[in-house]
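I'd like to ask you about the structure that follows.
Letters A, B, C and D mark the chains as written, and numbering starts fresh at 1 in each.
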Amino acid sequence: MEGTKIFYKKMRFRAPILIVGLPGMGNVGDLVAKHLRTELKAKKFATLYSAHFPFQVLMFKDGKFRMVSNRFYYYADPKGKHDIILLLGDTQPGDSVGQYAVNERIVEFFKMLGGKTVYTIGGYSLGNQYVKEPRVFGVGTDERMRDYLKKQGVVLPLADLTPIFGSAGMVVAFSKRHGLAGACIMGETGMVEVDANSAKAVLQVLSRMLGIKVNLGSIEKIKANTEKLLKDMEESAKSAQQQDMKPQSYIR
Amino acid sequence: MEGTKIFYKKMRFRAPILIVGLPGMGNVGDLVAKHLRTELKAKKFATLYSAHFPFQVLMFKDGKFRMVSNRFYYYADPKGKHDIILLLGDTQPGDSVGQYAVNERIVEFFKMLGGKTVYTIGGYSLGNQYVKEPRVFGVGTDERMRDYLKKQGVVLPLADLTPIFGSAGMVVAFSKRHGLAGACIMGETGMVEVDANSAKAVLQVLSRMLGIKVNLGSIEKIKANTEKLLKDMEESAKSAQQQDMKPQSYIR
Amino acid sequence: MEGTKIFYKKMRFRAPILIVGLPGMGNVGDLVAKHLRTELKAKKFATLYSAHFPFQVLMFKDGKFRMVSNRFYYYADPKGKHDIILLLGDTQPGDSVGQYAVNERIVEFFKMLGGKTVYTIGGYSLGNQYVKEPRVFGVGTDERMRDYLKKQGVVLPLADLTPIFGSAGMVVAFSKRHGLAGACIMGETGMVEVDANSAKAVLQVLSRMLGIKVNLGSIEKIKANTEKLLKDMEESAKSAQQQDMKPQSYIR
Amino acid sequence: MEGTKIFYKKMRFRAPILIVGLPGMGNVGDLVAKHLRTELKAKKFATLYSAHFPFQVLMFKDGKFRMVSNRFYYYADPKGKHDIILLLGDTQPGDSVGQYAVNERIVEFFKMLGGKTVYTIGGYSLGNQYVKEPRVFGVGTDERMRDYLKKQGVVLPLADLTPIFGSAGMVVAFSKRHGLAGACIMGETGMVEVDANSAKAVLQVLSRMLGIKVNLGSIEKIKANTEKLLKDMEESAKSAQQQDMKPQSYIR
């Protein structure tokens, strides 16, 4: 197999909106996309494979397996206005050639489905500190989108030339090149690998933007677990420090 | 040379079964395939080269040499039902592009030979401990194959999303995509680089599945050597530890 | 997206001269090109993207963003003899395949615009020491160019087989292959990542060569800041050393 | 620039023999090829560039420069039987795709010139020890070549599956695939980066095989320098060790 392949069921969508949530910083994109998939009971209709993904197969307890992939799910808008397409996956391409090829392919595929709007989800890190009240940052393809983001309470980047690594940035950049409207929406994050608190903040903004209601119960649970863990770690660090401050015997 | 090349003798096989055993975790695949080659007196009929293999030539004591490669051997079933094709080799491709290209090429080549069933052999690691009584794990392309594996005493994966790295996973995944039946059969392994005990466990299951008799003498010998070595290491570690526990002189 | 793409406005230039200043050793090329862009109020007319650049998007405080790129700017010569084209950018390709592809593409594009002369800017390092009075080194495509460089006070390399890494060398090498005249002009540098002093030295030579007047005020400011920083570091290092030389208590 | 390019002067050779000596283990190949070039006053007639070489340009004291390359030189046999073609260069390709492409291209180019015999030169390392009386090892494409090598005093590999890395192995392997006769001739080496003693041993065998006389003076000089350096290092190591064995003060 060479390059990138998408296997898909032929379907018709109504002015679909694409949400891209792949593994990345704080796993914010991944958490958001998976939560939406569950909440919206979205159905898979396409799978993307790439020769630039890791050469891995994933096994399951029932004896099934599959190659690592990115997968497209859809949710039919009950009001018939904007169907939602979710892109989630196990991985992103590991090299430049793969990132440029796969991310443009995603945009071309979505365009072929009649799509005009793309939201990519990522993390925005300002340091190595857990963020208790994460802000939601964003950039947009055009003036109208940027105004819309600001109205939704999305914060613009704090510094010029701040980088976005990987698909969250590349997909929205290719969207712009292909004439689609789009935004990269990023939850403030730091320190933790799976940041449910940041994902929650993004979900609150995003669900408002999409006009859908999303139960945040399961995300709240991950958040509570993470914060409990962090508190325990902090306390054990503190007591270790006190140990260190005890007078030490001068004979070693 | 670009891409992948297979040089082969034209031959006819009867409903052949492919066994893939390449270097990998615990070298289980390699040991199993080489053992079968010797036991079945299998004959080479094809050689695969790839520009994604390491750029190495291997020399021999008789002054000959060859480029690193993967090689296909065959064993003509005396009952005339299922010939066996073995794939073994010096190496696997080192990058994603190579792994995706070479592993699909293997499947396409086997399909061209009229093959319908593929077994890949690998290792299944649960930690960094030598496994005295290794289980044989497996996953299958379809319900029928999975039922068959279970009947043979093969254990299903213990956790969801357990990864298989490299050819053992990729070949069976491409087999599925090309409509072939297949399984990845993995010997439980850990710590040792060449795990004859794990290979032995796989050989016992596999020979039953293939309806062939395989003498395990030479594998038993490697296993015995490995276990003697481990015991020696353990004892010398123990005595070193006792040394450490002796009172130490206070003048250093 | 595969390979390299240049999006450009169709324009006519008069015997243009290309100045290439990309990120590299001491950031000399980058500083020089950016300074010229500002001083000459040069206008962007082309953008180069490559699948061999890092997979990054850069965000801005106004909510805009762009993929990393190289960009061409022009300055119309008021005397109508030699327009100046500047190439600057966020990055260079990260691998050999990318460097060979992108750097030849730059030359081909410039040739298509009617260009005949290319100057690339880089750093020339003789060690890990800050250079207070940097020399300007250079090599040229042909005898005439080398004589011209020497007349401008440019110093020839101090040793045979001294390497130039990346675009500064590759673009001038491809220029030669395509029959253009060119030189690689390098400011002596060492230790500091952003060497404004070295860039200043190059700007003095280059502006003379191009027959333009360039205000060095802003470069002087960066230089002054760097040198103040270095002096502070030196002093704190000295006082730390004195600390070390104090008699130490013999009980540790 | 993509792939591999050879620029060459059209010439006619008489049953030419190719000697490949590129940078590698102990730099034996490089030393041998450069020595032969000087001794035979060989003339350059072709240059090979590859997008898989490092992206480097080399500068010279006279202000000239060139891209890193491999270069073909010829020596016209005064007896008119076998012209000699030397391949030497700054580098080898850094990745598998490049090694497979470039090394086959070298063989195809030589075949186009009417060549039938290829000798590649490399190092053969048995450990990290300087070798005072290096043997010359070799492998050959066919029985006749191997017999010939043995008659010349060339030693066959000491172990099966001994690897050759890079062009020395790959070129002779592709020679075999293309129906040419060939051998890889390796000087025993260890520890030193530039092993003139090993190169000398190869030159003695090779000049006999080629029926040419080669003055070894300059190689002897490098060898003498290296051995003096090693002796000095050894002595200073010895005296340092004696220092260590002195009784140490118990107050630290």
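Structural remarks
To be clear about the criterion, a residue touches a chain if its C-beta (ideal position, glycine included) is under 8 Å from a C-beta of that chain, and two chains touch if they have at least 3 such contacts.
Keep in mind that this is a model prediction, so the values were computed, not measured.
Think of chain B turning onto chain D: fitted on CA atoms, that turn is 90 degrees, to the nearest 5.
As for how the two copies chain C and chain D face one another, under half of their interface residue numbers coincide. Mean C-alpha positions place chain A and chain C at a centre distance of 37 Å. In chain C, no residue touches at least two other chains. The touch graph of the protein chains shown is a ring with every node of degree two.
Of all possible chain pairs, the ones that touch are A-B, A-C, B-D, C-D.
Across the complex, chain C meets chain D through its residues 93, 96-97, 99-101, 103-104, 138-140, 146, 149-150, 156-166, 169-170, 172-174, 184, 250. By the touch criterion given at the top, residues 1-2, 51-67, 94-95, 98, 251 of chain B touch chain D in their complex.
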